[in-house]
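One chain, chain A, links the two complexes that follow: it is found with chain B in the first and with chain C in the second.
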Partner chain A sequence: MDANSSWAPGQPAGAFTATGRGPRLFSGGGGTQAKVVSTVSTIVVLGALAAVFLLAPGARAVEHEFFSPPHLWHSFIGNPGQGYYSVGAAIWLNIRMFLVAEVLILALALFVALIRQSAAPMLFPIRILATIYVDFFRGVPLILVIFAFGFGVPALRLPFVSTQPDVVYGVAALVLSYSAYVSEVYRAGLNSVHFSQVSAARSLGLSHATSLRYVVLPQAVRNIIPPLLNDFISLQKDTALVGTLGVIEANKAAGIYSETVFNFSSFTVAAILFLILTIPLARFTDRLIERDRRRRLALGAP
Partner chain B sequence: MTDAIRIDDLHKSFGSNEVLRGIDLSVGSHEVICLIGASGSGKSTLLRCINLLEPINKGRIILFGEDITGPRIDANLVRRQIGIVFQSFNLFPHMNVLRNVTLAPTKVLKTPAAKAQREARALLDRFGLSDKADDYPDRLSGGQQQRVAIVRALAMRPQIMLLDEVTSALDPELVAEVLDVIAELAAGGMTMLIATHEMGFARDIANRVCFLEEGRIIEDAPPAELFTNPKDDRTRRFLRRIVEAKRL
Partner chain C sequence: MRRFIVAACAALVVTGGLAACGSTTNGGAGTGGAGSAANCTKSKLASQLHTAGKLTVATDNPVYPPWFIHNSPTNGKGYESAVAYAIGKQLGFGKSDVTWVKEPFDSSFAAGPKDFDFDINEVSVTPQRAQAVTFSNSYYPVQQAIVARKGTPIVTKHSPAQLKNYLYGDQLGSTGLAFITSKIQPTQQPKVFDTLAQAAASLEAGRIDALITDTPTAQFMASSQLKHAVLVAQFPTVGEHYGLVFEKDNPLVTCVNKAIGELQSNGTLSSLQKKYLGIYLKFPTIQP
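For the complex of A and B:
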């Protein structure tokens, strides 16, 4: 980029960077030379990792157990006649769980955050409950919450509540656990909006709710999109834990395959599928962070 | 004639710190009153109390004959009557200028969007901001932002404007454009209560100037009298410091 060679207007280009390799403030820039260096170093690092794997004493055994092409294929497409399910089909359940849970988490977490941020004396008891809720579900491991819901609620033998499919209990556990985290993210976002914005909105005659809706929340949400997406990347993977209830999602389907056929390649398939799900979201998050950084830098300039 | 605002024995404390210690003040319709005094003398707090942004501890604020400090008062209705502009502009950064101005009319007064936009554009035009309607606040200079903040308050058609040191955060060369806007409002008959450090401006525009110190109004007089022949020693000392700082 030109920015590296002529970063200070009015100063002869290269005056302080005679070699053209002066210190860079940010990665990502660089000319041809930088590209060559990064390509070579990538090849060296990946080559070293591959060598460690391929030259290990158990390399052949691991390759057969985890990367056997026929097993990769069979576990991916599945064969109920042989007693195992398609991992490729099961991932759709993870996706559906993720999408439903995400929407519910966004709503519940916002509700909890708004209660915890409220100041009205009348809401004091609800505020206490919200705090206990957040403390509890952030403190208890997710897998225990899933067990508690998946095995505990049906055991209550209540009408309707206790007769749902296991996947519902799994999603409920995900929602309750993640909402506790995400409500704290929301709270950080709400606190990041300066109180003078509220003064300005209220002074125009906007009610508390209208100020929140049009002035505070849009700014708060904008500030927390990266951490929010980070939590959702984590949520995508954690849908695999619902498999512990016997729900045939990707990880469970892979487990059934390995128990039936005695080969672990099915887990490799599951891992690849989860990567395919999470990596785009991760890159998208990076892009948003980068865009935000650029915007701030642009604002700092005159 | 009823006063636009009448304040009786207003007290306000933040914790143990009493910021307003018995303010009595009346503002007639179409009157422009400047509040002067050192930082911390209570000017800003007084304005925030009048707009009900701060709960008061004692006293009464009467707006057009109605006590607005009573228990059954809807603060949102009161604030429709009173526009306030802050030192730090406080424009909504996620909305463009037009939306900043139309938000309150459309959401509070339920003005139809098209009509609100028409009125907003007319106001922006009147204050030389017509080409900024689609810009976001961070693209504007401080002076432009503050003029937008004034337009935003005016869009609610308030009876009274409170201006809280609106030029204090501006670069010196941008002060005049904002003061011109205020002068135009005064000429149009707007009732205004202005906290300011611009003594020359206060002298030119105000019907009366109030000098505040330690939460009390020490002196309340027409500018010609207060600036040239102050009655109170404290006013005199304050003005002498201002003159020494070459601000008058």
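For the complex of A and C:
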């Protein structure tokens, strides 16, 4: 019941096979010459970038402002007595927010997507609500949602609901906003499964729910893993927006450092930490895409 | 004009005249108060001004009483607006020769070229900030004060030991926040907001016990801006003062300092303080 690719095994794949990464633009053949050309062009491009950076009139100032080793270190470890907090410790808060939000988003977004995809007449009002929800939370800037939750809900002074820690409101805002996006990704995945798959499953005697669970969802989710992970990479960085609620996460800790000591190296530390978080996920996404491509083209394991 | 000087310096570097150029630049800014009266007239300052013939003054938007009245720096009312015009007058700039530009608080004292001659926006002088920009002498000495919700424990219980147990919130980069972390040293991490208004909203919602800001701002918050807030007490000044912000090593600071000195000695500053800031003396002073 696998979705068949238009590239059958044995069919000449042309430029596809050379790099193993799908069709490439500007492909200039292979061999030693290609290696020389790519090495030289890499050196030229990186050299030009480095030259622009190092020879700029303000290069020394920028180096001091953004890349000063003592400042990088001090902001990383923090010193509350001096009025600033560790950026390295603060990133933990981003990681925790991200991990909790991710799980909740996966669940809520799937729920919303299934409602929006459902055909049952009885669910019509919920479908309308789901559509309004998606339109609203995709349309309102995330930072405003965070504000509304972080400042609005406590101001209501309700028991329990208004007395949660700020990160809870921040994560709730992240979940609501991202679930709206991710539900659309899910929907795209559900739509990518040909209706004949459902027909086949039903004709085998599978119930509607069972065919969804065992036939449609596995294919749908596999198709959307790259855009899903793309959204999660974005989510990792957007946890920094929760800092607007006064929470000292990495970006806020970096801001406190720079405002206290008047050096922006703390933001470099935060940037590096976010990169350390996101790059592995980005590479993992690439691998999943590649694995899926190879499986569909029957090229064998990478 | 300043760009021309930089270009000239660059040319001198090429011809091996680095030392000469460096000493010229330093001489302008380093000799505070050395400028004679003749050097500090409008025409003599022309080469040092951002826009020739105009004194370009920056402040944030919006701005609040008692520093500015009706969010309008140009009306000459409010302490900082009045001081800016008084300095301008001292240097020979009529009211129409003073132009105002908007500059957010955070970027006003960041390093780099500036779109103004000086910025007047309750910026406290700190050694760290002075590495990035040049400050004038004091035009106002500052005390920090506690703002809390009416009827909460901190209103009555604020001995130095008790002060450590509260949850504070404050604006990123403010001296109030620095006071919290360095002088009070609370047991819980304070909440750090991008604006003072957010800290105030958090206070109103009962999410923090107190915020700390300079007495004038605290007084205005407690009396006008916030419904449920009260100014609890103020702390002894720790030598903090407000200074005008100049681009780093801007030579104009010499003449402006001279003007501030004159305004100090002829009583203009203290009468403006009495006029706009006099209400702040009544609050009790406690130890952090």
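Going forward, the second predicted complex is superposed on the first by the 266 of 302 C-alpha atoms of A that agree within 3 Å, B and C clash if a C-alpha of one lies under 4 Å from a C-alpha of the other, contacts with A are read in each partner's own complex, and residues count from 1 in each chain.
The rule is short, and it goes like this: contacts are C-beta pairs under 8 Å (C-beta built on N, C-alpha and C of every residue); 3 or more make two chains touch, one makes a residue touch a chain.
A quick note: this is a predicted structure, and the numbers were derived from the prediction, not measured.
When both complexes are overlaid on chain A, chain B and chain C end up sitting side by side without clashing. Legend: residue contacts after superposition of the two complexes on their common chain; A:85 is shown touching chain C, with no touch to chain B. Look at A:113: by the touch rule set out above, it reaches neither chain B nor chain C.
In the superposition on chain A, contact of A:244 is made with chain C only, not with chain B.
In the superposition on chain A, contact of A:214 is made with chain B only, not with chain C. In the superposed model, C is the one of chain B and chain C that contacts more residues of chain A.
Contacts of A:155 after superposition: chain C is touched, whereas chain B is not reached. Of the two partner chains, chain C is the only one that A:65 touches; chain B does not reach it.
Distance between chain B and chain C in the overlay is 50 Å (nearest C-alpha pair, rounded to whole angstrom). Taken together, the two structures place no residue of chain A in contact with chain B in one case and with chain C in the other. Chain contact summary for the complex, chain A toward chain B: residues 196-197, 199-207, 210, 214-215, 218-219, 222, 299. Across the complex, chain A is touched by residues 48, 51, 53, 75-77, 79-80, 82-84, 86, 88, 90-94, 103-104, 107-108, 138, 149, 152-153, 156 of chain B. The touching residues of chain A, when paired with chain C in their complex, are 61, 65, 80-85, 151, 154-155, 157, 162, 166, 244-248, 252, 255-256, 259-262. Chain contact summary for the complex, chain C toward chain A: residues 106, 109-111, 128-129, 131-132, 169, 172-173, 177-178, 181-182, 185, 189, 191-194, 198-199, 201-202, 204-208.
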